[in-house]
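Two complexes are shown next, each including chain A; its partner changes from chain B in the first to chain C in the second.
What follows is the complex of A and B.
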């Protein structure tokens, strides 16, 4: 919910494109773009880490295996980001509820499961457009063709020499990637992706809710 | 560019991995003498040819695994399975 008159409680590590507005306590860019390739800082989205043993009973409970991403009923995106490691991405401000939900869901898994809210410790970008893979291919060695990494694929690799979680999460049939990294590296990754997408006409677009 | 086959992620650029060294069995601290400990801590075979080594996929799945690598040609074979089956050194100390 937009709150233009309120001061923000939280800021992304990425400097927002002007003008800015406040959404659920987060300062976000209000810039809009109709370019065919857009880069959006989606750091305010809730990010919850779930960790258990690799191929343990929690994997059956969670229902998403390593290397895949799937939306669940609540609309949250569950990403199998590593063996026994998941990243759950939800709406702004939903992290406390998500954390409680996944603690309760995995409580009966029969093994130790750690659920942690990472929202303020990480940065997240979304690159959307038909040429998104072409742009990312200049800074990432992974084969991004549909035959290898279709919609719903997740992997962690080096992107512009930075360890980055990459999730193929198409929006309305348009190719789109979520890029997730440590908060301190957010501005660097944002600039690197902007530079990579320059040849394809990338523009910055503010977060829409 | 050298590719290393991660048992979880598949072939990746070797720059994504951290090298842990050749796999050496850890001596029993109750029975090992000083010479055995010295050999374990400081001596490596460094032979040309095939050697079983430990690697850590730091920029990927963040899992340890072992693999045979030819130190002359950088060919690889016998990668440990993700579960460590048939790979006695998978979870052990590879120093």
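What follows is the complex of A and C.
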């Protein structure tokens, strides 16, 4: 074997807004925006799936129920994405450590627990701004009012006719949504959200670390 | 163009005299002001005729001066059927009359009036019923007389948008009652969506006197200051569905042509106000005959003098106010006939416009006749919620039956009853407060004021001005037995025009009641159905969302001239210019293809083998770690459902592949069996199709190429055919390498973490440049697999193809205890009369029968060609076919009927594979 010496470059399915830079092996946009509504491609974030039985022992260990999202001590966001399903979102490049952590954490649960790195399988966006819900209301039928989907809510719905997982994850008191879908439709979802936000002055902002 | 009918500034006018606008009217230059409607601008310049009527092509003018004006539908540019009494003027508009030829003034189709007695109720059915064979000729002539504008198929109006809204209270109607209800609901803590069909809030207050305008300003200011109230103007609630799902059509929305708002409200307050009802008499459609509200809109909103010399036939305060407005506007009042004192209106005459009016006690010359004879309550939204409105003969109008309204539905304003402005606002305030809490506490009913019952005079006139239905037509319908409201409606089409009955329904019912001797209450109403107002087809269709899927290597494909192939949601490279050359490269050297869309399911748990045994027709219990097996799935009926390979990566860890198009269905299938039939099995299924970028490296030099980019031992002894390994590829960890293939060549399928897909693809091309590596697309892959005789589920099978008809005899293991589809396959296996999948070679090797060509014998269809291509390897056509069992023996000659009618001959081959039938090339 004469393995090529070129270091692998990881790319998001979403074409980065110029200029670009490389962060932990990922090509990301270095664009910045102070617009009141911003859309950021956060696909490089680590995404680890944890599966167990619904309402089983592992759920007690994990401590987040279906439909909710909560940050844990490490700063990772644990999302109850389905009955007996969680998606843990962490920093770029942290997937191996997260995988080990959750395998160890759930090892004593006494039931089958599957921990799988889905970083490469999912595209993820963050839409942030006071009008984020207004923008999404043109492509998503879910009630996004605080009374129904407050900060920390997680759900799966159709967004511009695409199956999308949505997490309300406000940033510094500003309304913010994480949207993730199959990697292959990432560019489509990005374009659809960008169009939905046009009336509210959305701008693309690169990933900050 | 001058504006002789334009009045000096009016207190409530909505035009901006500082912004003059030029536009075209039937090819002539015209002008108006910002804020004008098309008709108000034209009326200011003295125009009185705006359209020709639907059937008789009679000249029509302004009646209501609002959206539902039946005589003011025009063509604007390439947009047909524009409501000119509502559409605001814009600079440069090209406005033209519809339904008139050669001109609006001289319309030859008006000759229809001469044969009017043949065009009465049901004339279609009576006149054109025989001889039936002539109907196409009738139809072509009738189409020339059909109403409506024209549009280009290339017309573009921008996106038709959609928006979802969730509110506590939706108020339909932005008049004083609607605004008061919205304010009260907001004060009670509710979120409110206030929907108004006009461009501004206010309802009738907008064209009222000083007191009304003061109230209007106060209510508008309060609404504007209420953060909890969102106002949608030029919008209309067109339908109410289950659980207060309310469709709102937003006609004016920034950046889009129109927007359909799909609102879910806990409470719906219906406050549409009242619609003024026309009076039926001979000449009631003449330009110059207007409703009192139309007159008031023209004067007070648009500063337009509706006529020079007016007569009036009035029965209420609205009529009094209109007469007062006319006096103030300087219109000569020829006569005011007060129906409250018993005066009657007989007929109106004129040619191209009103000239004189005959009352019961006199005849007067006038170019304007104002009628104010009563109101129609638009109970549509309440009716859509299940309400059955009741007629109050004392008030001469229908009212919703409040006791029948389901929870969460409220009515207020003129729809609910009568009273002073303060009383109506008070009622609406109570309703708004109740709606906020979804209760009915504190809402006292409004009284019903008496009103004369005036529907028609002693002469025949138009009941439905949209459809040209006369009172005589209704009499004919009743005489012919169509004596119910719904029957007469359908027979005459009364109430079925663009105004959808808002102006016509009560008069229609009143006449049917009179003709049948029944009361109006007994006759009942026609049914209000959505949409409440006309809606464009574009708005209903909305934006088209069509998700697409791309592989990580798409940028390379695009940059290298790949012809895109739409495969479901996936956009794949069909070829890069020369699929035959791509095939030859794979057979002689090495090629790479992007196969990312192949479905992939990660299966983990101790019971995976049980699951595989259940879903696949073959056996899985003894699959070793690092081994791969082909599997086919059948549905319960034994029909082939999907196929693919599954590899065992670890003791309790498998990776299943599916067809590209079947990935989602297989995932659901697996989950369905696990969750409903075997929840006790410990198996976790995770779709990982796009977690991996998948690249098939195929050809005799594929091993040599792969060896340059991986640390995995590729020696045939260690990594043989139908094995799987994990390792590093092009520096990418956690890659999966499969020794499988679809081409019949030595090949490896690489699954690398998706984000590195492009890196690995480009590395393979760079590292294999000296080997002649080239990318190949789906078309080349299809040729390669066809040469090898591999079936494609869905191409070589269909919705009736059971396992044994798909050539899967070798894989189906009926000695297994059970698997999905086994009973049907046992049944099929015991019979010999089912179709077979066979290879075909055309006798003329250069002929390639198109796919789906029929195979015929003895006048019967005995099969079809399922796949066919010219083989670049063999330089002859290669085919697969589904063929009747009796003809499926190798060497049998069959007749293939081509789409052009020719019949060619082909022979059944020995086995499906035309290239390397022994499989030596892929096992090296």
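What we mean here is this: the second predicted complex is superposed on the first by the 201 of 209 C-alpha atoms of A that agree within 3 Å, B and C clash if a C-alpha of one lies under 4 Å from a C-alpha of the other, contacts with A are read in each partner's own complex, and residues count from 1 in each chain.
Keep this in mind: contacts are C-beta pairs under 8 Å (C-beta built on N, C-alpha and C of every residue); 3 or more make two chains touch, one makes a residue touch a chain.
All values reported here derive from a predicted model rather than from experimental measurement.
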Exercise. Taking the superposition as given, does A:66 touch the first partner, chain B, the second, chain C, both, or neither?
Worked result: first
For this session: Look at A:51 in the shared chain and tell me whether it touches chain B only, chain C only, both, or neither; answer first, second, both or neither.
Result: second
Exercise. In the superposed arrangement, which partner chain does A:155 touch: chain B (first), chain C (second), both, or neither?
Worked result: first
For this session: In the overlay, work out which of chain B or chain C sits against more residues of chain A.
Result: C
Exercise. A:82 contacts which: chain B (first), chain C (second), both, neither?
Worked result: first
For this session: Quick one: classify A:10 as touching chain B (first), chain C (second), both or neither.
Result: second
For this session: Return first, second, both or neither, reflecting whether A:141 touches chain B, chain C, both chains, or no partner chain.
Result: both
Problem set entry | Touching both chain C and chain B, counted on chain A across the two superposed complexes | 141
Exercise. For chain A, which residues count as touching chain B in their complex?
Worked result: 54-55, 66, 82-83, 85, 141, 155-158, 163
Exercise. Which residues of chain C touch chain A in their complex?
Worked result: 161-166, 191, 254-255, 262, 264, 545-552, 555, 569-570, 596-597, 602, 604-606, 682-684, 686, 688-692, 707-711, 728, 730-732, 734, 753-756, 758-760, 763, 766-767
Exercise. Across the complex, what residues on chain A touch chain C?
Worked result: 1-4, 6-13, 15, 26, 43-44, 49, 51, 111-112, 114, 116-122, 137-145, 148, 160-162, 182-185, 187-189, 192, 198-199
Exercise. Which chain B residues qualify as touching chain A in the complex?
Worked result: 8-9, 12-13, 15-16, 58-63, 82-83
